[in-house]
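First chain A sits with chain B, and in the next complex the same chain sits with chain C.
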Partner chain A sequence: MGKHDDDPAWSDITPLPTSEGGPNPLAAIAYTEEYEDTMSYLRAVMASNGFSPRVLDLTEDLIDMNPAHYTVWLYRAQCLFALNSDLHVELERLNETALAHQKNYQIWHHRNLIVDKLDKCEGEQGFVQRMFVKDAKNYHVWCYRQWLVKRFGLWEKGELDFTEEMLREDIRNNSAWNHWWFVVNGREAEGVAGVTDPDSRAREINFTKDAIAKAPQNQSPWNYLRGIARKSGISLAHLKSFAEQHASLDRPGAVKSSFALDLLADILGKRRVATSKLVGRMICWR
Partner chain B sequence: MTSSQENEDDTLDELLKDKARIVELSDDEDEDDSMAGPPFPGNHLKQPRRKRKSKLQPQPQPQRKVLEIPPWIFDTNELFHNDVKTPSRHALDKTAAECLRFLTLLDTQGLPLNSHGLPHLRRKPHADFLRFFIGPLQTGFTAMDASRPWLFYWCIAGLSFLDQDVSEYKERLIETVRPLQNPAGGFGGGHGQYSHCACTYATVLALTAVGGLEVVDRKTMWQWLGTVKQDDGGFRMAVGAEEDIRGAYCAMTIITLLNLPLELPPDASARKAGLTSFTDKLGGIGGGPSNEVHGAYAFCALACLSILDAPHISIPKYLDIDALARWLASTQTTPEGGFAGRPNKLVDACYSHWVGACFALIEAALPGTKDGLWNKAALVRYLLTCGQQTGPQGGMRDKPSARPDGYHTCYSLSGLSAAQNHYWYDSESSTTDAGSGRLLAAFNWQAKRGTAEELEVLKVDEEDVVALIHPVFVLRLEAVEAARQTFEAGGL
Partner chain C sequence: MTLAFFTISALDLLSSLVPNTTPEERAAYIDWIYSCQIPSGGFRASPSHDLSAVKDGSAQWDPANVPATYFALATLLILGDDLNRVRRKETLKWLRCMQRDDGSFGETLVNGKIEGGMDTRFGYCATCVRYILRGKREGRDPTSEEQDIDVDALVECLRKAETYDGGMSEMPFHEAHAGFTYCAIAALHFIDRFPWPICSQPSEGQRAFNKMPLRKEDIVSTTSSEQQGGRKTCGLTSPNLTIHWLASRLTATISIEDEEDTYADETDTPETCHDAHSFVHTANFPTSMGETSEKSRPSSHFALDWVGFNGRCNKVADTCYAFWVGAGLTLMNASRVVHPTPVRRYLLEQTAHIVGGFGKLPGDPPDVYHSYLGLAALSLLETAAQAAHESPREGLRKPMEERELKALDACMCVSIEAKSRLYAIWQRWGVHDGKDRDGGG
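== the complex of A and B ==
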């Protein structure tokens, strides 16, 4: 007997047990009795679209047992909103779950829904930073951060400082470079120019060149440089002398970056050369 | 670490840090190394070295071992200015180190080798592994309770890629998915779960693989898709769930295989807006507008476009192909030779499909492109030497330090097929069915096995070659064709 069968709070509900899918179902999982029991009650209550505090308890239990259960998250969100629950408390709970389950992305959509409903983002930038301590490139967390910036207009509320710190920790963090680009250029639709503005472009180019000087064999800033050129409409040829500082077709011993070579190849009109192929073919001396 | 392993590490370090001059390399590794002049790259490596074998893997091999190391394996980053170590660099170095002993064939892991010295594709152990992965599963798999359709697809499709007969799964699969199909349409991850684009996609593909699509309620499926379709042309993954490019690809796959009525004409400006906004400053593709570019999303976008119209028409219309081709090619890692999902991230065998399978689609859109966008031999070598789990259980894995699973097995096989076989688009065939309005572009792909000469270059024997796999739907071609015929008439 599962724990809900004896619980008076659930006495009005007849659980819907799992329909196995035939006598010999594929990928049949040996659920624990507790999981099977809890799911059976959830199925029953979802069938009547019931929202109540006991449903919050039920979904919390299921999330503990299987945080990847997207249906449970979606139903929980509906329940929270229907009951006008304290969403701050929910955020606290979410923090614990998120830190414990790095790869889970249902959590981030749920957080999105909660924070959007709250219409306030206090503490969010800070929490996101805590997540990045564990994994500085967590894709869904970076997507969430972009959403926060856009949703709450955080463009000039410490985003560049934060991103610069991330890049200081790891100049090869491509997610951070992507975020940097977003913060600089993300408001074009609102009339705030990014690198299409000459001053901004000059600043960005210098920033990127400095980063390259620190680690020339690093794809991210070279991509960024190309992005600046493309976005602002300047020809790649302008970057020729810079690229030559890190690679030279005449002096193979001076090659410090395959990405510099790649850029030179493009500038000189040889298109579509895969970097790996280029590296396999180049002449270099140690 | 055993002392024999330490010796091998030292040997590797010596091999790769040796200050020999390296001359321009040709594709032919077997070049005569007795030539005068600058030492040929292979020379200093071809000295007899005594390799001590681990006690666990006694191998009756000759005392002298000649390592022919392909050019791309030289750790590129050692050739350049030694720049600052960062967490990324540490992670990249660690992965390279774990792979090098296998890539160089210093350690062949006790595996049976093909005629070129690479491990054979372990067809039977991998098939056994997939059969196990779809079998009854232990409690630890509870975390997959919302993803069971993926298990159906990875295992059944994977088995079919290994030329196994999967018809035995037809009846069982049909019965298994009945409780997953919701009365309001679509499939969820399990009984009582909301319908979800990914679960529905995987279920439909698995059913296609076994010829069991009759169990799908096409009418309610169509209605359900209408509830997740967005104004901007995209699709949410489920009602109330997130919207990203996966949704569009999943939905278009379902609509096209099942021949459901298409509500928006392919050129709807809404759809165009949806797709172009996913590309970034350099033509790469992320999950959503302004998100970081990622290989998996690139495949979803390219495959989705290849469903909407002929690839040479739809892809250039919405994407910068040159930039995308460059970006995709740049994700092939050195020294491993596999693909990473993002710049400065680690190689992972699953990207053998998410990136590797993009090239057939891209090449169909690039006029006059032949080989050269990516290094097929390097991918094959990575998968055969680093991707295969040893031991009776088999399976394929992300990288040597990872455990094998159905996902990586399925997509590694797809990557191998992309490297070993040829895929092209038949631009003579029509792209829309006049009667039912069905988009036909995705059904116009042709494929053939690599030639004997090409397989030589890839260093594979015939038995290491994976089946022909449809570039858009990632199933055997005959399964896709059967689905096309089944719902030819259309309607609901």
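== the complex of A and C ==
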């Protein structure tokens, strides 16, 4: 007997129990009785496309038990919109779920639907920052941050300052480097030039070189520097003297960065052969 | 369906499937998979979503699922099923509905809307389903009379998600990620838009298939498509840079403690710095802590005994990326840039768990996902070691008890043996795949 079976509020619903598909179910998942019971009621409701506050409660229970069930999330969103529910309340609830389940993608997709419907993003940047305290490289959260910037036009509303602060905390945070690239180059379709603009490029190159000086053996800014060169059609040869500051070929004992060496290998030609040989050497180095 | 695939395919790679299951059991597994098939095409993710007992308008909450369909078809191949009961025509029709206008694929169709966000994993699964059901050739499929997906739009979508550093993501401007990069590369193989042909030894089934005479309509269609389009758009704008990015996923940072150290000290010391190499010398130390840790660092010989792969730049290594990156490099024809032994030692001595299976990080409890991908990665590394004429056990300290793994098809992520069963099935369906005759795939 599940908890809904005795509940008069659910007496009109005949639950639809799970069939695991015959006597030899492959990898049948052992769900708890409570989950099975709740799911059988939701299945019954879904079968008749019912939307009501009690269904919202049902989806909430299920999400608490298994936040990875994507149809439950979708059904919940439909239900919220159908009932004209207060979406701010839903966001509050989502905050807790998101903080508890860092790696769950469905939560962010759901949040995206809700905030899009609300058409307002107050408090969202703050919440994203709270998420970053727990994991500053959370992929879903950075994707969501990009969406916020695009959806609500936040390009010049402190986004570079925020990213710079993230880099100050951890200069090796590649997610933050990537976000920086997005903020600088993400509006080309709207006619705002990124590193193809000479002034912007000069600023970006200096910023990156400073970061490299701080920690030369850091792949992120070296990739960023190459990215600038490739995007704006500048030959890598312009970076030769800079690379040599961090990896002198004359003094093999003074290599401060394998990425500088890697860049030099590309500049000095025979690109493909040189690179793979070098990569091979780095790996086999003993 | 996901769990079923990982479990069955892992047993297959270990050559344990047939010895440990009876033909009746395998037949029952096959029936179970077919019980998840949706009449209008595709497979559902799990029987717990099944609403087929209810007749009225609820089918929308019981949708076919793109990854589940890939897992179902791949598992059927592994179990030796002939795919006779697959609703091929319906599935191909449904697959087209799963593609968005921008070329990307979603996960499910609910209320006429494609759900599941942008994610190249869906593109990978969709192109693999298409490949299994109708081969690589583009355009209307003469055997099922179904139209094709929009291949050009998909290629365009994948190219747009290339990142500034040569990796790939699932959407323009998102961070490069090894999982997405692998999925994009493999998808390009499935739709025959990879920048260069890959050389591999054709398997037995494939050789037999290659000997089949070409039908007249196949020859005509190949010639006319060449005349019309000239060179088709290939995926990957800079394949060499993509190889470079994949190779750069190698890292000696294999446990979480190494990574956490970077928060406190940003100087370049081997302990605080990712991917430090033995020839990198730190000239000056901004902090005395950095200098002390430099002095206490283990010898380089010791430090590079174990090397793993990370999924993104400056992250800690993770078992599953040994597959995502290793298979990506294999498909780029570049597995030679990685010395296989330290990676195999990393898997076997660091993330393999004492009770069996693999965890994500050293010391983590094993899970099905990392166990399967760990095995898949080992299989590729064994092949690479053989190609490099290294003894498969060279440099491995522990006496190896496990038997040799079956060779893996890096694209479909099943054993080459299982994949080869496809050729006989294609023959029965009348699918001709001119491009596969060169020995790629």
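Here is the rule we use: the second predicted complex is superposed on the first by the 273 of 286 C-alpha atoms of A that agree within 3 Å, B and C clash if a C-alpha of one lies under 4 Å from a C-alpha of the other, contacts with A are read in each partner's own complex, and residues count from 1 in each chain.
Just so it is clear, a contact is a pair of C-beta atoms (placed from the backbone, for glycine too) under 8 Å apart; a residue touches a chain by one contact, two chains touch by 3 or more.
All values reported here derive from a predicted model rather than from experimental measurement.
Overlay on chain A: chain B and chain C clash in the combined arrangement.
Within the superposed three-chain model, A:S220 lies in touch with chain B and with chain C [touch as defined at top].
Looking at the shared chain after the overlay, A:S48 reaches chain C, while chain B stays out of its contact range.
Within the superposed three-chain model, A:K137 lies in touch with chain B and with chain C [touch as defined at top]. Within the superposed three-chain model, A:F207 lies out of touch with both chain B and chain C [touch as defined at top]. Applying the stated contact rule after C-alpha superposition, one finds that A:A68 touches chain B and leaves chain C untouched.
Once chain A of one complex is fitted onto chain A of the other, the partner contacts of A:W155 are absent, as it touches neither chain B nor chain C.
After overlaying the two complexes on the shared chain, residue contacts for A:R172 are found with chain B and with chain C alike.
Legend: residue contacts after superposition of the two complexes on their common chain; A:L16 is shown touching both chain B and chain C. By the document's definition of touching, neither partner reaches A:F81: not chain B, not chain C.
Counting contacts by the rule stated earlier, residues 16, 18-27, 29, 31, 39, 43, 46, 70-71, 74-75, 78, 109, 137, 139, 142-143, 146, 169-175, 178, 181-182, 185-186, 214-220, 223, 226-227, 230-231, 255-258, 271-272, 275-276, 279-280, 282-286 of chain A appear in both its interface with chain B and its interface with chain C. Within the complex formed with chain A, the residues of chain C that make contact are 3-4, 7-8, 25, 28-29, 31-33, 35-36, 46-51, 53-54, 56-58, 61, 63, 75, 107-108, 110-111, 115-117, 163-166, 171, 173-177, 238, 240-241, 243-244, 247-248, 250, 262-263, 266-268, 273-283, 300-301, 304, 307, 312-315, 334, 336-339, 342. Taken together, the chain B residues at the contact with chain A in this complex read 19-25, 71-72, 76-77, 79-81, 83-84, 86-89, 133-139, 141-148, 151-152, 155, 169, 172-173, 175-180, 188-194, 196, 237-242, 280-282, 286-288, 290-294, 322, 325-326, 329-330, 332, 334, 337, 342-345, 366, 369, 372-375, 378.
Taken in their complex, chain A has these residues touching chain C: 16, 18-27, 29, 31, 39, 43, 46-49, 70-71, 74-75, 78, 105, 109, 137, 139, 142-143, 146, 169-175, 177-178, 181-182, 185-186, 214-220, 223-224, 226-228, 230-231, 252-258, 271-272, 275-276, 279-280, 282-286. Against chain B, in their complex, chain A makes its touches with residues 16, 18-32, 35, 39, 42-43, 46, 65-71, 74-75, 77-78, 109, 112-113, 136-137, 139, 142-143, 146, 169-175, 178, 181-182, 185-186, 214-220, 223, 226-227, 230-231, 255-258, 262, 271-272, 274-277, 279-286.
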